[in-house]
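Each chain carries a letter (A, B, C, D and E) given by its place in the written order, and its residues are counted from 1.
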Amino acid sequence: MNTSLLWLIPILPFAGFLLNGTIGRKLPRAAVAAIALLATLTSGAIVADLWIYMKSAGAPLALAVTSRPWIAVTGFQVDFAFTVDHLTVIMLGIITGVGFLIHVYSVGYMAHEEGYWRFFAYLNLFMFFMLVLVLSSSFLLLFVGWEGVGLASYLLIGFYFKRDSAANAGKKAFIVNRIGDFGFLLAMFLLIAHFGSLSFDRVFSQIPMLDSTGHLATSRCASLPCVIGFQPYSGGFLTAICLLLVVGAAGKSAQIPLYIWLPDAMEGPTPVSALIHAATMVTAGIYMVARCHVLFDRSPAALTVVALVGAATAIMAATIGMVQHDIKRVLAYSTVSQLGYMFLACGVGAYSAGIFHLMTHAFFKALLFLAAGSVIHALSGEQDMRVMGGLRKRIPITFWCMTVGVFAIAGCPLLSGFFSKDEILYQAFTSPSPVGKLVWVIGVLTSLLTSFYMFRLWFKTFFGAPRFDEHALAHGSHGQAALAPVHTRSDTTHTMVAEPEHDSGQAAHSHGIHESPWVMTVPLMVLALLAAIGGYVGVPVAFGGHNEFEHFLDPVFTAYSSGQPTPEPSAPAYQAISLTAIAVFAFALGLLTAYVFYCRKQGRATQLARRFKPLYSLLVHKFWVDEIYGALIVSPLLFASRWVLGGFVDTAIVGGTASAASGATKGLSQITRRMQSGNIRSYAGWLALGAAAVIIVVLFGVHPFHH
Amino acid sequence: MVPIAFYLILAAILFCIGIAAFLIKRSVITIFMSIELMLNAVNLTFVAFSHMWRAVSGQIFVFFVMVVAAAEAAVGLAIIIALFRARQTLNVDQVNLMKN
Amino acid sequence: MNFDHTILTLILLTPLVGAIVLALIPEREGAKTHHIGALVITLITLLLTLHLPWHYHYAAEPGSFQYEQNLPWISVPAIRYHLGVDGLSLWLTVLAGFLAPMGVLASWRTITSRTKLFFTLFLLQQVAMLGIFLSLDLFLYYGFWELSLVPLTLLIATFGRTENRRRAAIKFFLYAFIPSAIMLVGLLWLYVRTGTFDFPALQNLAASHSISPNTTALWLCSLSFLVAFAVKCPVFPLHGWLCDTITEAPTALAMVAAGKLGLYSILRFSFGIFPEQSRHIAPLLIALGAIGIVYGSLLALVQTDLKKLASFSLLGHVSFIILGIFTFTVSGVDGGTFQILNESLVGAAFFILLGLLYERYGTYDIRDYGGLAARHPWMVTMFVITALAGIGLPMLSGFVGEFLILSGTMQSIVAHHVVWAVVGTTGVIFSAAYMLWMIQRVFYGSIGHRPDEVHGWDLNAREHVELWAFAGLFLVMGLFSPVWMRAIDTYGTLTADKPTRFEPNTFRHIETETYEPTASRGFVDPTLGAAALGKQAPSANKGARY
Amino acid sequence: MPSNLLALLPEIILTIFGVLVMLAEAMLPPKRSRKPLGWLAIFGAMFAGIAANVQLQHIHAVGVFTGFYGTVQVDTFSIFFHWLIAGIVIVVLLASLDYFEGPVTHAGEYYALALFGATGMMLMTCSVELLMVFIGLEISSISTYILAGFRKGQATASESSLKYFLLGSFATAFFLYGIALCFGATGSTHISTIAARIGTTSAPLLGILAVAMVLIGLGFKVSLAPFHVWTPDVYQGAPSPVVALMSTAPKAAAFAVLLRFLFNGTPALRPHWILLIEILAVLSMTIGNLGALLQQNVKRLLAYSSIAHAGYLLVAFTSFHEDAVSGALFYSVAYAAMNIGALLVLTQISGYEEQATTIDDFTGLALKRPGMSALLGFFLLSLIGIPFTGGFFGKFYAFSAAVHGGHVWLAIVGLANSGVACFYYLRLLAALYSRPLTDSRDYILSPRLTFPVAAALAFAGLATLILGVAPGRVLNMVQHATPGIIAAPAEQPAASSFPATPPATNR
Amino acid sequence: MQLALFIIFGLLAVAGALNLLFQRHPINSALSLIVVMMSLAVLYWSLGAEFLAAAQVIVYSGAIMVLFVFVIMLLNAGEEERNTKGSKVAYIAGIPGAAAVFCLLTFVFLKEKQQLGYAMLQEMMTGAVSNLTAISHQLFTSLLLPFEVTSVLILVAILGAVVLARKEL
């Protein structure tokens, strides 16, 4: 394995971005797509090669490659350096694999958009930053990717910049992410202050050497853990660092309280939602927590916070997801909820379970989004589930793929989601974390709700009588045909409520509901396959598997440990089985309820909603979180800026002192001019008075310094 | 036997009356006269000191002051005449075109 | 041919001679004679300034000056024509050289009448700026410092945009001149105490505490310097002139109005001559810097005038630098110095872009704009790149500086530094907020009423050249910061305090007594970065210097 | 050459030329141009300057020498002022050649008076006998009283003249009183005798009082606040070239007297007058600047500014080092150059009829007369004290003298004041350079730039520039001029106190 | 004798000065001024300055005051108008200033009274001739220059008077 190939992994997409971004406008669409796909595919190939290499026996646990320094001042240096370990490899695989599939999908989905080149350029840019994020060997380079994916996300969410809502959503995503970055940055500053470096290796290797007061053990006893009476340091400033990192992770991974941007991010094109806002970018937070497990392990408090935040996010998003009508929004809240799951897993110390879920989630959630995109595509831009229904027959491929995805996420046994989710719940239950049991309960509840709302989506979309007006849709399709490229054209002010449909203007599609072209369905099918079987890499021991996934990651999560290997939680097998049974029960219950409400007795849900109106309203309005933020933070901030700072401080104090000074001077000036009355006699009066004063001063005023 | 200081005080009185006259009088000519009064007061001072020091240079000084006063009078009265021609007034209170 | 001994004089003379020549060429209606002349002169100056980093001896003793020229000028008082460059001024000189042709290009279309006046004064401004960066004689420096006010004032009075221009010009001048006048007293006092205006000599005297035994007087003297510089920067409550000046100033001048001169002067003279006093007042300045960041960003958030927005954004950026340099950490000082470069470039690019908008649509009111992205794809691209560089996106130039500054703040031993580091870091959020919101309001959404009436064009070739130069620099500076840092760090390590270690759990720093170059100590490791900057790693006994 | 003649050579030359001009004026027919007379006067001033040079050679040969029984003393100090006054007169006369062509018929008398006035001023600077100083002062004052009212067509001229005359005589009375008291305290009016006796006189209060009175009188002449009140009115009414003359030359001469009197004559009383000097300096700076701040009339503005500048100059007096004197001397040169320059440019652009009087009249003038505006801008910047102009070095030396003397606060007040001052200079400057708010005023009939005026402007401009860029020569000169002025204060024998009265034979 | 002369003519001088102050018509003021000058001439004489006493009468009372009266007549100056808008400053600042000046001067003179000594008439009476000799000697030796320069002064004055008083067309 030539390690310098590692550079190519991110650079290829970047080259794609540069090419498409600068000259893409002049290129034919096919060329644009080819450049983007090729860039992704090639790095995907390198990743595959890397994977094979890392799996092979005798491969080093980590590959590192360092280039020139990026930031260097005396005493602090950050290089352009990549490290690949097993965790990275998994992430790389997900990113390039799912990423490539979504690229392919986009070729079809975006086929007739005006900013085609722009879209692929941004997508490649995203790939670049995401790859940098996972490859980096230091916090700072990770942060580069971290911010970079935020930028790409901003650009892609705001892809339809003509629409205020899209532009707003992009801005919101970026700013909320920046709040997270704020925490991340502070964490890095603390790391520098304490460890003098941001390189993972340098930081993590110092942690075990912190003695109980938090000072670094002297270099002479580098292997101090063996010294008798050595108390490993935990908590303290490490907690501060961890909590700040959590803020960062919460921003990127849409956790409470910073999750608000993710649902709005659905303003972007659907492939973007699938790639960035489901499969890859939003999981960066989980990746980061897992990457920093050495830190988190030293801070039980921070871990507890992570677990609680994850659990709370999971259940809150799930409850909101139950009542949404927009198909993409349901998926968005589901994403938030699943991210909460992963967070929860990290919080109880089950990093590999979290990463496992990250991977399976990438498969099925990308699948779900793409399938939803296909549905929307079929309905010419309709996203409201209330006007769907009965699509099962009309778009069979999409339906079946979607079915796999729904079952997988709901935790249907033997599909990928089942294994990963089960692993998390099991780990939560058996973990020594003080909140382990609590988060387990919440996890199960969430699992129930997940099952419910996913099947609700499934039933409402594909079953029952069609609730859409086909002719209207066809008309709408025609109507939009004229307006199809509207959102990228300059000469109109038309704004659209729903996502503007892309290729609806084509004659081939004017008949209305239709299955998507093969470029879109093939990736769906591949993903469906992955969603189905992806879980088998991590079949737990209790089910006769080897939990290969966890073992694969073991070197990562046991590195830098203080020498005493943590004993494997050796819970009895029956416990695992019974926990699994509970999870399966939750899945079944969710499925059943959804079936009852949305297939069997339609209207029942509406009745319920009416009966529990306040509760329903609370959920529909997403707990009014946006409104609360607006009222408590944004408005006061703007008000204070405009009136207190702008009106009072700037005008009255900053400008006021100056104008007061100048006013006073001018007043004095007027007085001086008044003295100059033009009358000789008054002049003589001044002279006489002045003379008297002079005489007094000279006679009596002996200078203090000169006598 | 009169203390020199008395002469000086007398001069000071005259000097200050001169100042006061300058301040109070409205006729330009009278104001000019008050300046002459002040000069005279200074002359008395000179003479007194001259007496005190037994030095005639003070007296010579007075002599020169007289000459200068004469020259000033010539010029000053010419200025007054010019003013009167231009403004038809001798009242200083009306000579205030320029102010502030 | 070896220019090394005359290069600095050449750099100063070129624009000066150019200004005189331009003043002598008659002005013809509609002709571009003066534009071209100014462009040629500024480009020559730029080339000359590029000579400096090219032949700079990076490995020379830190703190020494290169390309020195030291001639007697006036014997009593001892005033010398002393020029020189060190790590601090090296790149700033180049920056000044770079901004000038950009300014000329930015004025290409906007300045159509009285071009002679404009370019003559513009070049004089250039002379003053370069002179400030190059002077090593305090008196000479002061001369250039005051001189720099004049062209700007006249140009604002002549070319100001609104009826307010005369007031704005006077306001600018007064704000800058009055503190400078007080500074002159400090300067005189220094001279009377020490008998020299020579900066290196003064620096040595300061280092050996032999300027004056009168600490109060020293304090006041240092304050007189600092206040003059702080107003010029401007530091937070002293920014009363900024808005009006920026609003009125033509693009080419808004580019140079604020920031670098004051900041450079603080770094050079406040820190050089009053090291202790500067450290004593550092907590205040750090606080003001942090407050200024938030203040500037928040006010930028609520502006409806693009120029005002830009000026408050400038305030925020300058505050960042103030925060950084007063931490007296290597990171803070290096980052702050680097950020001066970046801030100037970003600000310049931003003003150029705003100027382009104004050229096309004749208004700076955000509310008149909207939906321009489709019409000007390149312009929006440039806007976004500039904004991103401004808000510190990694890989662009802004990040390096901001990051080092804030991390330096966290390492500082100044009281409450943690609080101010946190407050300063919030600037990251607010700056993103106002920049993105501005871009959204101008470029996204539906077409605004002003673009509806007027049909502007996208960038032309000249504007492309200009803006891509900036964009390229943002990227290069973001990726290859050590190129710049090599020089800057020689200054930073000399200026900053000894490395400190963070006392766990108390959030206080303790200055380390001795310095041990081992990686195991939880503090600054000088071996890090040294090699990257092409320096010899400091040996253990020398390390105590910083 | 007999030393008496040599000691007074410049004055004698000036007088002769003055008489020549006066006689020629009477002989020329009324309608003839008076320009030749002007040239004659200019040559006279030039010869006076050359004569001063001859004196300098003599000094180099034999050292400081006196004439006429020690009433005049020729030293580098006096020669410096001779040059300065001669230079001022030359420049002003050059600029006056065309100015007085039109409205005034008897311009020859103007030239003669200027020369006689210069004679008086020069006498003031070289006299070491107070009687001589007094007569010189009177000559210069009476000439300027008359010159101030020279533009008789204007209603303000006679008012200007009258105010100057009445108040000037009023102040002269104080000055004279001061001399009288000085005489009373020491029994002499000779500076060196005064210096020797005043510190040890048995009637010290008389001496102190004398200093106060002399300061009042001279303070009036140099327009220090609170004796400044006449300045704006007189300047406003007087013709511009005359203002240029009387705001510089008599002031310089009066400052020279002040320097001689304070530093050479009464250094022993320095603890008494130093506080007064400080107060007067602060008051002058402040009141001058405040008065000018909102002034619309440009000439009044410059009048107030001259008050402030007198204050700046006085700041240098607070130090008792040589640099105090050299600072003051340098300032007087720099101020002369820039102020004359500014006034002459104003005359040029506002027309010989002086129609443009307010700042608003000058709005946007840079458009029409860019060269003149640039020149005016340069002089204004110099008045503000921007580096690389003479005004900057002037201020610099004056304030560094103060700082050297330990009066840091005075320097602060002074420089803060110069900060305020730049507001009004800038108002004029910004007006010149800003686009006119309304339609430009076309009634200003700016006269054509003639050669003599151009020469005068070039002279003033170059002087200002050279003083700002290469002040070395002038500085050298003023530093050479200082040693004679500063007398060591503690020179007198402290043991035997000089009696106030000589021993009376029969008391 | 000396004291009597001082008191009588001193009072007369003050009275004349005050009369100058209070008379409204310039001609009355001029006459009062002449009284003052005459009284001063006597005082000069009493201080031993006979030459000056004579000069005072001739130059001042004789020449200068005649000029004044002449101008008053020429311009036909009437009584002062009392109703013109006066200057408040002259009263508020000026009069106290003048009073203060007087008080300060008096204070100094009284304070130094002992040092200043006494004036004696007899002594002067005897040395009258030598006084005049001394004056002329000094005037033509050590103070020759002022004497000469005075001619320039007078020249200027004449020139000025001509310039100013000439009727301009």
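We adopt the following convention: a residue touches a chain if its C-beta (ideal position, glycine included) is under 8 Å from a C-beta of that chain, and two chains touch if they have at least 3 such contacts.
Source: prediction; values computed, not measured.
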{"item": "Fewest touching-chain hops separating subunit D from subunit E", "value": "1"}
{"item": "Separation of subunit C from subunit B in steps, with touching chains one step apart", "value": "2"}
{"item": "A-C or C-D, whichever has more C-beta pairs in contact", "value": "A-C"}
{"item": "Furthest chain, CA centroid comparison against subunit E", "value": "A"}
{"item": "Chain closest to the middle, measuring from C-alpha centroids that were averaged per chain", "value": "C"}
{"item": "Rounded Å distance between subunit B and subunit D, as computed from the means of their C-alpha atoms", "value": "25"}
{"item": "Centre distance in Å when subunit A and subunit B are each reduced to the mean of their C-alpha atoms", "value": "95"}
{"item": "Rounded Å distance, subunit A centre to subunit E centre (Cα mean)", "value": "101"}
{"item": "Whole-Å gap separating subunit A and subunit D, where each centre is the average of the chain's CA atoms", "value": "78"}
{"item": "Multi-partner residues of subunit D (each touching 2 or more other chains)", "value": "131, 135, 138, 142, 145-146, 149, 152, 161-163, 166, 170, 184, 205, 209, 232-233, 295, 420, 501"}
{"item": "Residues of subunit E touching at least two other chains", "value": "86-87, 90-91, 94-95, 97-98, 101, 104-105, 108, 112, 116-118, 120, 142-143, 146, 150, 153, 156-157, 160, 163-164"}
{"item": "Set of subunit B residues in contact with two or more other chains", "value": "8, 15, 18-19, 22-24, 26, 31-32, 48, 50, 52, 57, 60, 64, 68, 71-72, 75, 79-80, 82, 85, 92-93, 95-100"}
{"item": "Touching chain combinations (by label order)", "value": "A-B, A-C, A-D, A-E, B-D, B-E, C-D, D-E"}
{"item": "Parts of subunit E lying in touch with subunit B, wherever the complex brings them together", "value": "2-3, 6, 10, 13-14, 17-18, 20-21, 26, 29-30, 33, 36-37, 40, 43-44, 47-49, 51-52, 55-56, 59-60, 63-64, 67-68, 71-72, 74-75, 77, 80-82, 84-87, 90-91, 94-95, 97-99, 101-102, 105-106, 109-110, 112-113, 116-120, 124, 131, 134-135, 138-139, 142-143, 146, 150, 153-154, 156-158, 160-161, 163-165, 167"}
{"item": "Of all residues in subunit C, those that touch subunit A in their complex", "value": "171, 175, 237-240, 295, 298-299, 301-302, 330-331, 334-335, 371, 373-375, 377, 388, 393-395, 399-400, 403-404, 406-407, 409-411, 421-422, 425-426, 428-429, 432-433, 436-437, 440, 443-447, 479-482, 485, 489, 492-493, 499, 502, 504-505, 507, 509, 518-526, 528-530, 532-533, 535, 538, 546"}
{"item": "Interface residues, subunit A side, partner subunit E - complex", "value": "675, 677, 679, 681-682, 684-693, 695-696, 699"}
{"item": "Subunit D - residues contacting subunit A, complex", "value": "162-163, 166-167, 170-171, 174, 205, 208-209, 211-213, 215-216, 219-220, 225-227, 229-230, 232-233, 270-276, 278-280, 287, 290-291, 293-295, 406, 420"}
{"item": "Of subunit A, residues touching subunit D in the complex", "value": "665-666, 668-673, 675-676, 678, 680, 682-684, 686-687, 689-691, 693-695, 697-699, 701-703, 705-707"}
